[in-house]
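In structure tokens below, several structures.
In what follows, chain A forms one complex with chain B and a second complex with chain C.
Up next, the complex of A and B:
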């Protein structure tokens, strides 16, 4: 089959230019079918993703509160954003959150995946796998409601348990220092199963013979994992960290429900700022400027990661 | 592996596996602990919900808290909204992803590569970056504060399209060629040959969509302003707000109720979910 004209987005093919040979009935049928099949996805993506991205950039150059007509602002929104301490703090918080959440999530997932991969009865392995994966199916919002009670300073179960071993109550959600750590913990608790599943899949793809050969060469335990398993797992590690970082930079539910950004601004994240400035304060221009900056940040971090990965990722 | 080396390695690790399995058991308990606590507290009377130490197995289990949820919240309405939104999105995504995935895998047309590139690129775009313009587009269409406004923008799925394309690429090409020699047109080839084989792949797309949108919070929070259009997660967070710290067990009973369908999907759809996530070995 050959490539011929007709923009596939339209649900109806345009008439072919007369200079070209007429496509056969079958070819026209195929192209019509492709156009019909693609229309919902492509139209949807254009209307709800491509146009909105352009819209965000345009909107970020205007002052607009929905009620008054928009007025051109040029770079004013960006200047304002860079001068707004809450916005700057939210970017710092989000980066701090990302570093700790992703590092912890990958570490826990990796250790557990290696442990589950060891010798044990098949049924036990699947019990562990299901247990670690289970929090992923729950809603982040309702889990955060639960965690808010567990981490309550006065009547929470966590402090009560610590009390039984003589540790004084920790102000998990009410002190500036502890609040971010608590948000990280709750997020990691729910999310590590994602990387865990990726690692379990990655480990299963490593041929058994390689470990046997390494064992014959005398590699055992930690050394075997550091020098044999990890390099072979590095493509999976890259994917897990890229997905982990992109997700972490968009964190919203946990800080929104657990702390509402507080105490002070200590857990306010970028997405919370977008939500608040757009939908609570109706400052759509500023919100869009923050959104554009978040987008640039995500792109930059991902690009750096792929750069770095060239040195560390080994493909067979 | 020979018998000798097998028994040797077993001897060498004879103690370690138990330590490893015990450590794993502790981790599994930590992971499931909050869920177990939620269920057990929801079965206590509101007055006992603050008791410490908590009774893991309530001495006098009661569903008082559950009737409390139904008093405070229109659970049926919220559940109906959530079910409608989630089911329609899941079915919609299975259709759009199935069709587009097939076109990208098996049909020839102009601009195939750039269009597929466009689809892949949108996987990288965070929802929050587009939400303000999407909100404005929906407002223009008078779809804000409607369930439809939540459903329609979620129909196209870049990840689902990618997944289905891979799925169709994995099917033998000669099936379609044989059907073509028998005189079947492109639609017949899709409808009678490939579409029936795609069911397991579509199940992955559907289960992933169900899991994600049943739990979705950010878009409903922005789009649904009147209580009658709330979905379960929104209703729960508002329930907790209304009650303050008054009665844990009522809030937790609400959490348990909202978890049930997700848990059911976890039990039935574990494999599709896992495969979907593992194939996020590409992205989500």
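Up next, the complex of A and C:
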């Protein structure tokens, strides 16, 4: 009879952490080179991002109208901002815009990426990729000017086309109900190409064997996409949604050109309020306070996204 | 696999490259090179004049610079044509230049910004006007006192008007013919206007809109407020100004003139304001009129010239615009804004404002005088891109090629209706304009929303007017 009893493992005293070996001259050279390459970017970030952010925070504590010297205001600008219904409405509008614009953008981009990734001649795939990406390289302001003509209630091409099938003219840009939807549509049309390209790249990275294995297990069609494609695409989805949300929260050109924030305040966004307060009404302190609040909002939303991503994003 | 480490030799090589690059950079830095100061005219002691870019093309800039050089060869001049969509965009850019420490000496300012510039940035021209009174007598005799009064603030004159535009009514003659209508008479009424729109609608297809207007401070709802004998803000005159009126205008013309307009208490909830909005809302409901849309009327030229719009309010500037767009001189005509309770009309004027920060104020004054000279304006406004402030420039010859046949209307709006007034533009104009556009959009965007929107407009206007700029 053999003794199968396992002897108790005796815990050893914790060993002191090994001291890091001194980097060799070669390693020091590599680090120096890396630092040299990174330096321009770091300087750029500090000069063009960190300094303006700090400057905005400081300016938000002052009254400044460009003409007179700044005077210290403490929290007065923030009190003013929180008591201003236009600012509050603009935050609501921006959040509503973000939800619909990002959701639509991701959905359209994903569906089209799946379609283009399917069986299709290579040349046709290239045509679609270029066509979907093309609006992104155009200036948002010029696109919005064209769209303003197209969506004009009385003379626009869109209503003319609807009229040919007997549909009454829609006040795309002059009705409180329709204006935001039109701005979202125009924005999504221009922006979805970025997410589309990300998704196409992400889909190409999914090994074919996994899909084949899933097919052998009986997963087909929608089920295959829900249980195989989407989980494997989740890192790309995270990147696309983070970038999409940050861009959407800073939307300016489309509502500014298409509706100038109207009718009423129905399409006024936070960045529009910042522009109007600073450059039209000469209230740079209040504009900076709104800018700081937008910065905080973007950071908070992005942090929540990354927090949630731990549950939904699969890297393997 | 690539070795990520760098050898000592490689490092030395990079070091040598770096040293070489530093030596080259040092040599380059020691050479004479171009900087911002080398841009022609910058920081070279020139008198800098900021103008609204789109209105001042290269030809106009040449006219001003070369003409001024002939008169004042000792003063260097630089025209800075600031590209901007509209006046508020232009002011924003000028203020940015001021904040950046590169303020111009003179700025082309329209009625919208006169009081803001006068209150915060401008220099009163009174002492120079008094000094050069003899020289200026001819100018003032040629310019309507109302235009001059619109450039005054609290008794002082801040600009010499060089152009203006009153909100008159343009008609597409082809549409009039289609409707079997004639150009309305000068004393036509609001009801005549409504009837004409209905006739136009009946005689044209579904893709036709009789009346087009843009939602803005000039030419939007405000002319209707003037016609209904009311306004956005209570209007009064500042005391003073006698020094100017007594020197340059005969008794009949200086009667009732003061030291400039004062725009004070908001009156958006006034019955007549509501009546004007209700009227426009009724036109929209009846499909006779476009809904309020922002913009500057540029997109209108296409639809007007092709007969998809019958009537629109515009100033003398449109004669040049339509002509350049290829419209024949008999393809359109113009008439005064219709009478309601009054036939008082709205206009906006523009001229050069001298900034306090300027260190060349005497030279700047010479430019102001030069820019208001008849020969300068004749060369500058050749294409009828605006209505010149000088009455004598409006002649049949000027409008023979471009039209309209009723070109006299442009200046007669002031002469025939001397109470015609400027845009209500207090120093808080940017916020006032934003409030007006915002609530007009809401008031007319859906049926039965006028009263609520005007109540909110009143509240916002009160807040805006209480604010210091």
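Here is the rule we go by: the second predicted complex is superposed on the first by the 269 of 316 C-alpha atoms of A that agree within 3 Å, B and C clash if a C-alpha of one lies under 4 Å from a C-alpha of the other, contacts with A are read in each partner's own complex, and residues count from 1 in each chain.
Rule of thumb we're sticking to: a contact is a pair of C-beta atoms (placed from the backbone, for glycine too) under 8 Å apart; a residue touches a chain by one contact, two chains touch by 3 or more.
The structure displayed is predicted, hence computed values, not measured ones.
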Quiz item: Which one hits more chain A residues, chain B or chain C?
Solution: B
Practice problem: Have a look at where A:175 lands relative to chain B and chain C in the superposition and call it first, second, both or neither. | Solution: second
Practice problem: With the two complexes superposed on chain A, say which partner A:67 touches: chain B (first), chain C (second), both, or neither. | Solution: second
Exercise. Could you say whether A:264 touches chain B, chain C, both of them, or neither, answering first, second, both or neither?
Key: second
Practice problem: Determine, under the contact definition given at the top, whether A:279 touches first (chain B), second (chain C), both, or neither. | Solution: both
Practice problem: Considering only the touch criterion stated at the top, classify A:160 as touching first (chain B), second (chain C), both, or neither. | Solution: both
Practice problem: Check the residue A:33 against both partner chains and state whether it touches chain B (first), chain C (second), both, or neither. | Solution: both
Quiz item: Who does A:152 touch here: chain B (first), chain C (second), both, or neither?
Solution: both
Practice problem: Please identify the positions on chain A that touch both chain B and chain C, taking each partner from its own complex. | Solution: 26, 29-30, 33, 148-149, 152, 155, 160, 279
Quiz item: Where on chain A is chain B touching in the complex?
Solution: 1-9, 26, 29-31, 33-38, 40-45, 47-53, 55-56, 59, 112, 115-116, 118-120, 124, 127-128, 130-143, 145-150, 152, 155, 157, 160, 189, 194, 197-198, 201-202, 212, 236, 239, 242-243, 246-247, 249-250, 252-253, 257, 270-271, 274-275, 278-279, 284, 287-288, 291-292, 294-295, 298-299, 302
Quiz prompt | Contacting residues of chain A [partner chain C, same complex] | solution = 25-27, 29-30, 32-33, 65-67, 148-149, 152-155, 160, 163, 171, 173-176, 259-265, 276, 279-282
Quiz prompt | Of chain B, residues touching chain A in the complex | solution = 1, 13, 17, 20-21, 23-24, 27-28, 31-32, 34-35, 37-38, 50, 52-54, 95-97, 99-100, 102-104, 107-112, 115, 118-119, 122, 124-137, 153, 155-158, 161, 185-187, 190, 211, 214-218, 221-222, 232-234, 236-237, 240, 245, 248, 251-252, 254-255, 258-259, 262-263, 265-266, 270, 273-274, 277-278, 280-284
Quiz item: What residues on chain C touch chain A, complex-wise?
Solution: 4-8, 10-11, 14, 88, 91-92, 95-96, 98-99, 120-121, 206-207, 209, 212, 215, 290-295, 299, 303, 308, 430-431, 434, 437-439, 441-442, 445-446, 453, 469
